[in-house]
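Shared between the two complexes below is chain A, which pairs with chain B and chain C, respectively.
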Partner chain A sequence: MDVLTCKICIVGDFAVGKTSTVARFVHNVFSEKYLTTVGVKIDTRKLSVDGAEIKMIIWDIAGTDRFSAVEFSYLRGASGYLVVADGSRSHTLDVAERLVQEARERYGAVPQVFLINKFDLQDEWEVPDERVEQLRDGGESVFLTSAKSGVCVDEAIHALADMLVAQQGDQ
Partner chain B sequence: MNDIDKLKELLFRNEKKALDAITRRLETPESRTADISDVLPESILRSHADKRLVRSLQEPVEQCMKASIRQDPDSFADALFPVIGPAIRKSIAEALRSMTQSINQAMESSFSVRTRYRAWRAGMPLGQYILQRNIVYRVEQAFLIKRYDGLLIEHVEHESVMAKDTDAVSAMFTAIQDFIRDSFSEEQGESLTTAVMGELTLWAVHGPHAILVCVIRGVAPAGLRSDLREILEQIHLRHGEALFGYDGGAPLLGIDMELEKCLAFEQQKETDNASGKAGRPLPIMIFLGGLLLLGAWLWFSSFADARRLENFRAALDSTPGIVVNEIYREDGQVVVRGLRDPLSGSPSEIAPGSQVDPAELRLELSPYQSLDAAIVERRVRRILQPPPGVGLRIEGNRLRLSGSAPVAWKQNAQSLAVALPGVDTVDMTRMAMSDAELLQLAQTELRPPNTVTLAVRNGSLGASGTASHAWVQAATRQLASVTGLSAGNLNGVAIEERVRLSQLLATTSGTEIFFSTNEILQAGQDAVLERVSLQLRQIANLTEQLGADLQIRIRGYSDGTGDEQSNHIVEMARADRVAQWLVNAGLAPDNIQMQASGSSIVSTGVQAQLRKAEISVTVSDSG
Partner chain C sequence: MLPGVVSDYLNRLDSKRIPPLILHIDADCCLLDSWGKPEALGFPPLNSGVDLSDALPFLTGVDATRSGSLASVDPGTGHAIDVQFLPDAAGRLFVVLTDAREQHIQTAEQQQRTYETRLLYQKQQKLLDQLIATRTELDLRRREAEEALRVKGQFLASVSHEFRTPLTSVIGYAEWLAKAMDPDDPARRQARAIARAGQHMVTLVDNLLEQARIDNSEATVHEDTVDLRQLAEDMSAIMAPLAADKGLAFAVFLDPQDAADVVLDEMRVRQILINLLGNAVKFTEEGFVQLTLAWANDQLHVAVSDSGPGIAEADRARIFSAFERLEGAHKRAGAGLGLHITLQLVKLLRGSIGLDSRPGEGSRFHVRLPAPLAEIPEETTAPAASGGRILVAEDDTDIVQLMELFLGRAGYTLDLAANGRDAVTMALGNPPDLVIMDLNMPVLDGIGAVRELREGGYNGPAIALTGATLDEDRIRAISAGFDGFVTKPIRMPELIALLQDLIE
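For the complex of A and B:
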């Protein structure tokens, strides 16, 4: 059976838990040193969706609140985005939305899911439910995740995989 | 409608309809376009034969192409990529082939007999044989990566290699390439082509849609890159559209076969065992040994000869007045080319010192004038011909003469020497001078007035006559600059100001001013005071010029008829009267001293002559 290979980029502000989130479900190929040196680390994950095999080439792009030229070049040709924010710092959600907006303006719209991370820190949670609802109403897939406990991370990845397979089927 | 029109209608109804239809077609652009498009292909085909169409289309088509290329050069470059590479390679290959032949010929004469023998046995040109022996490499993996997003299109590897997650490697290669380009490159279109890590080298060849990255172990020949480029061009030619549209889905058929060709590139190092030592016969060994000895002897003798020439050149280079441009052996002769000053040493005389036979020399030396100090000195001696007792030395661009010589020779030398190359100035300060020369020099330097006579005897200067104080002072200072004098002074010159001062002092000092009573002047004494004050002013001026101190003492006298106190008062009053006169006449009060004669003075004689004031003047050198 053919495997669908897709380039996925993880974007988000500094310290929102992007790398910890991917670390839970990927096959680590390269050291995390790459993130601080070249500003990107690549991992892969294979999963099957409705009998279709999909291999995600996951580009974990170092945290930033605005893309530079080199980061834009990392985004080129991405089939989907994992957009990560920190639920205990609500402004990181603004940053995440802006980053996605910038990427979309440069390369066009592709499937994306929002992961609002650190759901385990309930006491420090800042993102109001209305904001999440607002995003969902706007057609976004939003998952409240915890990289620490693994809550909803796999679901979010699968949701993105579903979208990619569906999109592939449409073509 | 009249009858004629009706008749027309009846007769030509059908023709009119047809005419109207034709007019409509001609006036409607759409129908004309359709008509022309129907016949255009056929008419182009027909008119092609007489070349007129080609000529008329040439210019517009050229303009179209130029505009199109200007607007989107990348599309043209992409379209030409599979075609232009082979064309360029073909022409370069032609050029390289002829160059390789000449390299082969050059190498034929430069490598050892053993290597040439082995190349002959292997049945290949010497150059090719040496390359194969020395270049060892193997292409271990080949990645075909989509240029746009780094997706891996295909990957092949050598069976002995355990590749890591190739999709991730492909993406990371793309990321690092982007990183390097965005961080360091100035040109946006530039790409990473080579990366080296220990024994492994990554070579990347870039096409419009895909990048071919090969992992090579060892040192690959430069020609491999063009082989890889050829493979990438073939892939683009056959799968260009598919590469462009590849989205990570089903693998592209046939590309793995193309990529496999990359793995075929490898070169094993040839071992000595493979060449079969056993087959080398003894006579050949002896012959080769003899050749080796002959070669060694030839090499040694040529080495020794080269050393001799090197030494000879060094000896010539260190000889003033000789400039060697090149020195070489030709037809058994040692050819020396360069420049030589006729006053320099002869190369033939220098040669034996470097074990070069003067008979072998062929000198091709052009004459020139050297500015080397030794040569300049020889040239000066030759031209000036200094008499015995004259020392001559070149210091930079200065000729320094010492000793003694006739005046005529010295004057001649002075003017001749500066005309010679290498001499800018002549220094004769160390040359002995006659009394007459010294006197002439002193006259020039001191410029005495007519009232002064200078004389030089045995190098010592003396002077007599009178002169102003200013000249004596200036001339005394100037004396030191009259070089060549052993001693000298201007003591014999009387200073005009001092003479005048003495005369004035003689007439002024001791002048008496007489009074009638008290401090009232006798008749006619005003005129005396007038004269005295004029003289005293002249004295004051002269003392100032000479830098001397002036003291005017005025002593008042009385006839002694009164008591001592009234006498003292009247004496001081008379002195003061004279002093006031002098001050009013312009003399400085500081220089004037008054005193009473006092009771010690015995008053005798005519009383009228005792009532007086006496002026005495003293001039003393200050300090």
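For the complex of A and C:
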């Protein structure tokens, strides 16, 4: 069986939980300790989607609120984006939307999924439901995730995998 | 043999670095040739002909025709490398991998500090925003509470006013009847009971009003000359029937040597005593309630004792809080305001209050209040007939008739007006010796009327009559031109004493 190999970039502001999301998805682990990512860290996981094998090479890009030349070099050739924001810091959702816009302007549109992370921090949650609905109304796939508890992490990344497989089928 | 493009690149590299790993790969990521040691950069041995896409995942999707670089890449080995893609003129792709650990670690340390600081700042900012929002909310709530208190105060003042006018008639006529009756007539006691009950209602209204004043921090002390013997008699008259209804023995003790005239805020002292005695009667099911008054060293000593259930030590502080009532068998109906108001009043009068009590052994509240001896003991009973013409402006006919009874007997002639406008016309046309005016009258109220009187040249004394008891009402009346202020229900002996002073 042919394996569909896809480069996926996970982007977002610093400390929104990108590395934790990848760790949960690839290794099913979580650490409370915040460790910043420098440059890019690459992990791989294979998935089966509707009988198709997909190998996701996930590029965990250091958090930023604006892409520089270095980050743009990581994005080149990406098949899809996991766009992460921190639900307890609502401005990180603004950053996430801006990063997607910058990437789209540079390399064109690719499938993307929004993960509004830290859903376990209900007491500190800042992103209003209306904002989430607004994104969904705009056609975005949005998941309220928790890398800590694992809530919706797999679902979000599987949703992106579905899009990639469907896109491959269309081609 | 390395192509020139690779050699040139290697010549520009920092010589201190670990020797680079150079790979020649084809378009499918298969290794064609290599130079250097993969293990030094954290890779397994790499053999020619193998697919590198698993070991070097960053090669996936690379455009073999264009040069480019990737800085600080961790390909899953935990070993950071810099990657340089170098296609040569012949269409071959070379990849140069160099060690980037040192730079990676330095950047990580610096970036970690920076981001942790920014996170702390953002959290601090969020807390500050929450603090500001909370403070704004609290300010709003405080303003709402203050407004509610103000409205409550106005409401209570209004209720007090509405009660006081009819109570003037109830108490006044009951006292008049009692005096007019034969001393042996049993109905005389009943008339006095009506007067006492009316007076008790005045106290209840005063309690409510006092709480409003305390809530608004508006409570002020009004010092009077208090006859302690009269005070003891009044307390007995008010409380003994209530105690008798429950089958309790009731006694008031005042050593004749202590029966002095002292300076005290009489209304507040009465409230304190009525609250303490009322509680004692309410919570005592059998036995006794007693009041002991003593005066020594310019202090009034009050003790209210009962044979009630007593109060546990743990509850003693709580009983003085507003709306606190003890749970359990001794719980009774009521607002739970009595002891709270009592404590506030004792503080207002610069006194102290204490409690001796044990469960099952009754309670003894003891209060000390500063009470210097009055310099000139005043005779507060109605003076002998004095005479003089008084204009009474009052729209309540019951009160007018009551004044006719008492003031007529005291030797005064009354001119009567039913509103402020008539009062002004009459007083300026034929000036009386003194004017008594209700503040709340139709057509023209007392404040407006006294202003017109003063503007019209009337220089005689003027007394304001009102159900309102707030200090601001007194100030408003005096500012408008009144010389004195009498609060309903009117105590006729005091009114007559005031008339005498002012007319003289």
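Going forward, the second predicted complex is superposed on the first by the 159 of 171 C-alpha atoms of A that agree within 3 Å, B and C clash if a C-alpha of one lies under 4 Å from a C-alpha of the other, contacts with A are read in each partner's own complex, and residues count from 1 in each chain.
As a convention for this text, a contact is a pair of C-beta atoms (placed from the backbone, for glycine too) under 8 Å apart; a residue touches a chain by one contact, two chains touch by 3 or more.
Because the structure is a prediction, the values reported are computed rather than measured.
When the shared chain is aligned, chain B comes close enough to touch A:Asp2, but chain C does not. In the superposed pair of complexes, A:Gln168 makes contact with chain B only, with no contact to chain C.
Legend: residue contacts after superposition of the two complexes on their common chain; A:His27 is shown touching chain B, with no touch to chain C. When the two structures are aligned on the shared chain, A:Leu35 is found in touch with chain C, with no touch to chain B.
Chain A residues in contact with chain B (one complex) as well as with chain C (other complex) are 5, 7, 34, 38-40, 42-44, 57, 59, 70, 73-74, 76-77, 79.
Touching chain C in their complex are the following residues of chain A: 5, 7, 14-15, 34-36, 38-44, 57, 59, 62-63, 70, 73-74, 76-77, 79, 89.
Looking at the complex, you find that chain B touches chain A at residues 146, 148-152, 164-165, 167-172, 175-176, 178-179, 181-183, 247-251.
The residues of chain C lying in touch with chain A in their complex are 53-54, 57-58, 60-63, 68-76, 80, 100, 104, 107-108, 111-112, 115-116, 118-119, 122.
Put simply, chain A touches chain B in their complex at residues 2, 4-7, 27, 29-30, 34, 38-40, 42-44, 55, 57, 59, 69-70, 73-74, 76-79, 168, 171.
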